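Next come two complexes built around chain A: one with chain B, the other with chain C.
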Partner chain A sequence: MSPTVLAYLTKRLGYYALLLAVAVFLSYVLSSLALSPRGYFEGRQPPPPAASVEAQLTELGINDHTPLMERFGTWVSHAVRGDFGRTIDSSSVGEEFGRRIGVSLRLLFAGTLLGTVAGILAGAWGALRQYRFSDRAVTVFAFLLLSTPTFLLAVLLKLGAMKVNQAAGTELISFTGEKTPGLSGSAGTLLGDRAAHLLLPTLSIALGTAAAYSRYQRGTMLDVLGSDFLRTARAKGLTHRRAVLTHGLRTALVPMSTFFAYGFLALFTGAAFTEKIFGWHGMGSWFIDAIGKSDVNSVVAVNVFAAVMVLLSGFLADVLHAALDPRVRTS
Partner chain B sequence: MTAPPADAVTPARTAALAVRDLHVDFDGPEGPVPAVRGVDLTLNPGEVLGLVGESGSGKSTVALAAMGLLPRTARVRGSVLAGGTELLGAGEKALSRLRGSRVAMVFQDPLSALTPVHRIGDQIAEAVRVHQDVTREQARRRAVELLDLVGIPDPARRARAYPHEFSGGMRQRAVIAMAVANDPDVILADEPTTALDVTVQAQILDVLRTARRETGAALLLVSHDLGVIAGMADRVAVMYAGRVVESAPVDALFAAPRMPYTIGLLGAVPRPDTGGRPLTPVPGSPPDLRKLSGGCPFAPRCPLADDACGDEPALTGTGDDHDHLAACVKTPGPGLYPVPEIPPATAGAEAPRSERPAVLRVQGLAKTFPVFKGTAFRRRVGSVYAVDGIDLDIRRGETLGLVGESGSGKSTALMEILRLAAPEAGEVEILGRSAAGLTKRQAHALRGSVQIVFQDPMASLDPRMPVGEIVAEPLRAQGHGRADAAGRIPRLLELVGLEAAHADRFPHEFSGGQRQRIGIARALAVEPELLVLDEPVSALDVSVQAGVLNLLQRLKRELGLAYLFVSHDLAVVRHIADRVSVMYLGRTVESGPVEEVFARPRHPYTQALLSAVPVPDPSRERARERILLAGDPPSPAVRDEGCRFRGRCPLYAALGDAERSRCEGVRPAPRSLGGDQVAACHFAAG
Partner chain C sequence: MTTTATVPTADPAASAPPAARGRGRVALRRFAANRNALTGAVVLLLLFLLAFAGPYLTPWSHTDIDYSALREAPSADHWWGTNRIGQDVYAQVLHGLQKSLLIGLLTALTATVLASVVGACAGYFGGWTDRIMTFFIDLLLVFPAFLIIAIVSPRLRERGWIVFVGLLAVFGWMITARVVRSMTRSLKEREFVRAAQLMGVHPLRIIARHILPNVSSFLIVDATIAVGGAVMSETGLSYFGFGVQPPDVSLGTLIADGSDAALTYPWMFFFAAGLLVVFVLAVNFLGDGLRDALDPTSGHHRTRRRPRRKGTTHDRAAR
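Moving on, here comes the complex of A and B:
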């Protein structure tokens, strides 16, 4: 890497650090003001003594009697050492983190990958067959999916799976959790069990992703199909198909790189609805649960993580863009 | 070159390319729109056929139809034989085997003709590998050879470059390299130099000649530029309204055109070698192909048209002359088009130049643009010296032609002058008042004396405003009452040759030439003394352009106006300007009376520039000596202590070391070289 590129990257990262600091501050202040952990403790049955509530709040660093800036200062001094405090149930936020990210990744990876590839192919294919029946069919299907909320789609998939299971007489498709609890057997059996659990969430993620990507890809592809350089490629003697594949597709992917970057890092921040509906305990469901329990430390931790992911996505988008488009590299 | 055999005696089977009764229709919202209506062309092996016509005549569509590269909405009928093989109706597989190997194509816009994400060398190698059974490495080596053939310096290194790292001229060279990669029998070149500057155009035409020599291919050269055609073609076919209306060997066509349209075209085109001769415009504008009457499509514009023109005439020869064909039932004599009368100059403009007051004086004008880098933390990394010392001097009643290639800073200079504020460096004086010390109110008042006409007549008119209001708007801006402004509209429209009754129509209801007249009427509304014309005719076809140029000349004489006429077209400048100022990379390199500068250019750049302009006269064009400049202009972001032209200068190349160091270290000051002519060169002969 040349010194200028290095200097550029350093500068860029410094800028990100600044943005991150702002994001952290805002999310801490907002979560602390909006959530009431005191109410959560006081509402327990039987109601705990006031002194114990006070002690627990102080212990977790979320006592609203301590000035907000002081709480934030304490949180930051721990956070910079990698200690994100404890959840409202007194477990380590850091450990919870590790577990939850793994779950979200396992849940979303296949679906996102599949959805992205299918979306690109469907979009490119639709563009090639613009205004023909197949293009219109893809368009209608994509808009149908886009206008179906995730929770509805997931529930519909679940209903479909139940019918299949009923018809088959056994549980072919599982849709609760990551695996069947207490199942033992060979590695193959365990893997098959996991795949059976993964089928529906993957399908629900992939369908939504593919629908969105196919629209963008169709648009960029149409721009490229009318371009002069594709005509040049055909004038050289490439068939239409080959010209589109070697000259058109890559150029049409350039503007998509931003979507890819954000799409893939969103894997780590989880999918709230999908996780909740299919009973996976990933980042998304953690976030929802934490808000429900007024778990300030967890909410802040998820927020900070999401901010880091958004900033990294921007960075990844630039790198991807430069990799796909030589025009960006020189300037 | 020997005269090739005529159409009638060359059977389609032995021709390199034979187009027979070609029809092309495009799908429109109201049914099919014809673009080509029965075209026959024969391109003999090794010959150059020029296909001439104005925009919308269907000439590019013919070339694309022959390659099978028209969009799917096009319906093509007829026959196109390439070396005896039928191209129309052939499958994509069969066609792609012929494309690039037997028939190759060079396109108009080199900036968009190459895939931005692949290396130039790879794109050429791909053309080799599609048709030849060679290894990747062999193809790559062949690509480097081809780049060398088309004159790319250091081809092995440049093959690894991406298209955006090449200039427009170099990209066109790369496209030509692709076209000749498989030794084709036919090269179709669709306006291959239209998007390029004139010195680069000369280079590319030279490369096309080289390409032809190397491959022996026949060339179909599609162009609107009669000068380019005169210099390149053996035979010419003229298209009008989707048909060939005249076809002849190049000398016969230019010397004795038979179709009134061709005659009109040749009379309307300004020439760089003879100035002053009034142009004879062709009245009207090309027909709407959706609404053809069935008669001769040129009849509505033709001075000879009568009842005999009610049927569309066939393309025929006369007597036993089968070489020269025309689609006309008449026999046009001389003086077919009336020569317009340009009125004599008004009193005051006839006085000797030195006694006339200066309308615009510019000295040492400079404008730099900062170059920034980075998105989050923008920092200045350098400057573009867009204008770096230009001098202009315009007296009342005269036209100064400002010429220069793209990037020479013409437009920046105009904008700086029209800003009516203190320039970054140098001086701008309008009507004797320095732009530096003007208050807002004074600048506003002065704006009424300096008006501008823009290049693109459609983009510079508000599409939702009736033309009457467009024309009256400057009056309102200068404080005239509504009724007063409205009262002047009819006269203004009539002044530019439009009908006063059309004041409530909208811009889209007018043709290109008429729209430019509206722009001129708008500029004249506030009775300015100086009119700045920024490429006012470059968007117009030749036959229409002549009318606008004549109008400008008439207005100048009648109203005693002064023009600052910016153009890249030297023939137009030769025709309309009294004086000329030549720019290169932001600096004025030569200025003087137009006759003297064109007859005896002193600066080496002016010499090269003028020698690159094609003349619409085949015999002169063949005899003309060209000075081909090497390379492209250097980056304007580099400040040069010495002469900015020396890297491409033939004079500098011939100098000794001691003299060269002067060009390198000392910026040449403008110096007088006899009479009124000034050139900024240390070594230009006086």
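Moving on, here comes the complex of A and C:
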């Protein structure tokens, strides 16, 4: 790493820290103003006494009678020490987070990896075989997937699995939750059960991701294939395969590094839908449930998590960009 | 190809140089030759017809309840069947389609206007204007739109769907604005902009007259695709109850209502789901065809389809 690259990356990191601070502040203010935990407590059956509602709200730090800035100040002073407060059901947000994040990561990891690799390969392959039947088939299939919202894709996969199960007479494909509750047996059985539950959620994330990346990759790859420097590489005596792999694919991946960063946004949204539809108790379904319960502390925690992840992937894209694109190193 | 024959040759009021019309003709010819794009355009036209004229063909409105027909399969009386409380699915789906189309169009339009104004101003003025606007763009990008819209949705229950359009638009313009910004930065160095500057033309006028027309190809394509994106966001949010609220219906709420019983009563689910996919597919084909037709660099060499030029390397390297 040369000093220019380090300076560039340090500058970006500082900028991201500033963005994070402003974003956290805004999301705290917005969540506090839009959600009404008081209404949630008052609406309980039987209705709790007013004094108890007041006490509970104050204890959670979400009492709307306390000035907003004071609430935010208290929240920040705890948050910087890693304490994100308590959920509306009085459990620790941190513990809930720890439980949920693992679920989401298990769900996202396989789907994203599979989708990205399949998409890039399909796109590059399509570009190399432009306008042949295989390219057209991949294109039509990608368009069809891109036109199906994630939630609909998940619902359709679930319906398909139900149909298969009906026809088979047993539960061939399981699609509710992360594992069969109360199942016991050897480690192999348990692992197999988890893998079976992963099938549909992974597919619903991977298919959409692959379709998007295949389109981008096909486009950038086509640009590169028609470029002068690739012709120069061929003229220099490189075989077609070597020219495409060492000069073509690498260059075509540079603009993709930006897509990786912003792809996270779409991914997070898609994952929330997928979790909710397949009954996984991850970050996304936590967020959706928390809004229903006016659980300010949990909503803010998910927001902070999302912001950190977006900025982190933005930073990774910068690093990737610096590694792939020599112009960053010299400027 | 045939329509251009009637274009009058001399129109003193129009300041457009003859090259512009020639370019339009080339674009039209390319568009007409693209089978996917034509199919997309025709399907979209039919869908709009269906959504806005279709409801007049049936005596049922989307709120009518036929107590004698609960969960009834498609018949002569109820073309697409009825749902669990006896509402006509045809009337409901068409009403939902109307709402989703309106939301998609309005969102894309608002977002594109916002993106072109902010992007062009940031790129043209540079300096602190650029820094502040870029910071604002990056800030909005930090949160998935879905999170913020979901958070404020409980407060919007009574306000109706037009506020929902505003929210979708506010979170849907940033990436387009970035591209417009980077395109503006390179346009700014061109001779015709320099000439206008030296003649003392007002900067806002330069942006309106010289910058925006030159990024219009990109904006048209982007706005088209944004319609599909907006409809997908709308239906997703509505599916989880964060978007269009009952008694109003959209394709998203209809899919949510029908999905649980989709295997037993398929008509409650598949009409809404099918129309949604067909609509977005048609929009994407149209957008892709428009890109091929409008992109001046396409057609020269083997590259025909260009990638969606969102957040290009140039954009990142320039900052």
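Everything that follows uses one rule, which is that the second predicted complex is superposed on the first by the 300 of 331 C-alpha atoms of A that agree within 3 Å, B and C clash if a C-alpha of one lies under 4 Å from a C-alpha of the other, contacts with A are read in each partner's own complex, and residues count from 1 in each chain.
As a convention for this text, contacts are C-beta pairs under 8 Å (C-beta built on N, C-alpha and C of every residue); 3 or more make two chains touch, one makes a residue touch a chain.
Just so it is clear, the model here is predicted, and its values are computed rather than measured.
When the two complexes are overlaid on their common chain A, residue A:T269 makes contact with chain C while staying clear of chain B. More residues of chain A are in touch with C than with the other of chain B and chain C. In the superposed model, A:L113 lies in contact with neither chain B nor chain C. In the superposed pair of complexes, A:V254 makes contact with chain B and with chain C alike.
Of the two partner chains placed by the overlay, chain B and chain C both lie in contact with A:D325. Looking at the shared chain after the overlay, A:L312 reaches neither chain B nor chain C.
Touch criterion met: A:G219 reaches chain C, while chain B stays clear of it.
Of the two partner chains placed by the overlay, only chain C lies in contact with A:F287; chain B stays clear of it.
Once the two complexes are laid over each other on the shared chain, residue contacts for A:I173 go to neither chain B nor chain C. Within chain A, the residues touched by chain B in the first complex and by chain C in the second are 15, 226, 254, 325, 327, 331. Looking at the complex, you find that chain A touches chain C at residues 15, 19-20, 22-23, 26-27, 30-31, 34-36, 130, 143-144, 146-152, 155-156, 159, 162-163, 166, 215-216, 218-220, 222-223, 225-226, 254-255, 258-259, 262, 265-266, 268-269, 272-273, 276, 287-288, 291, 294, 299, 302-303, 306-307, 310-311, 318, 321, 325, 327-328, 331.
Residues 67, 69, 71, 92-93, 96-101, 104-105, 107, 109, 112-118, 126-127, 130-131, 162, 164-165, 175, 178-179, 181-182, 373-374, 376-377 of chain B touch chain A in their complex.
By the touch criterion stated above, chain C contacts chain A in their complex at residues 135, 138-139, 141-148, 150-155, 175, 228, 232, 235-236, 239-240, 242, 255, 259, 262-263, 273, 276-277, 280-281, 283-285, 288, 301-308, 310-313, 315-317. For chain A in complex with chain B, the residues that touch the partner chain are 8, 11-12, 15, 226-240, 246-247, 250-251, 254, 324-327, 330-331.
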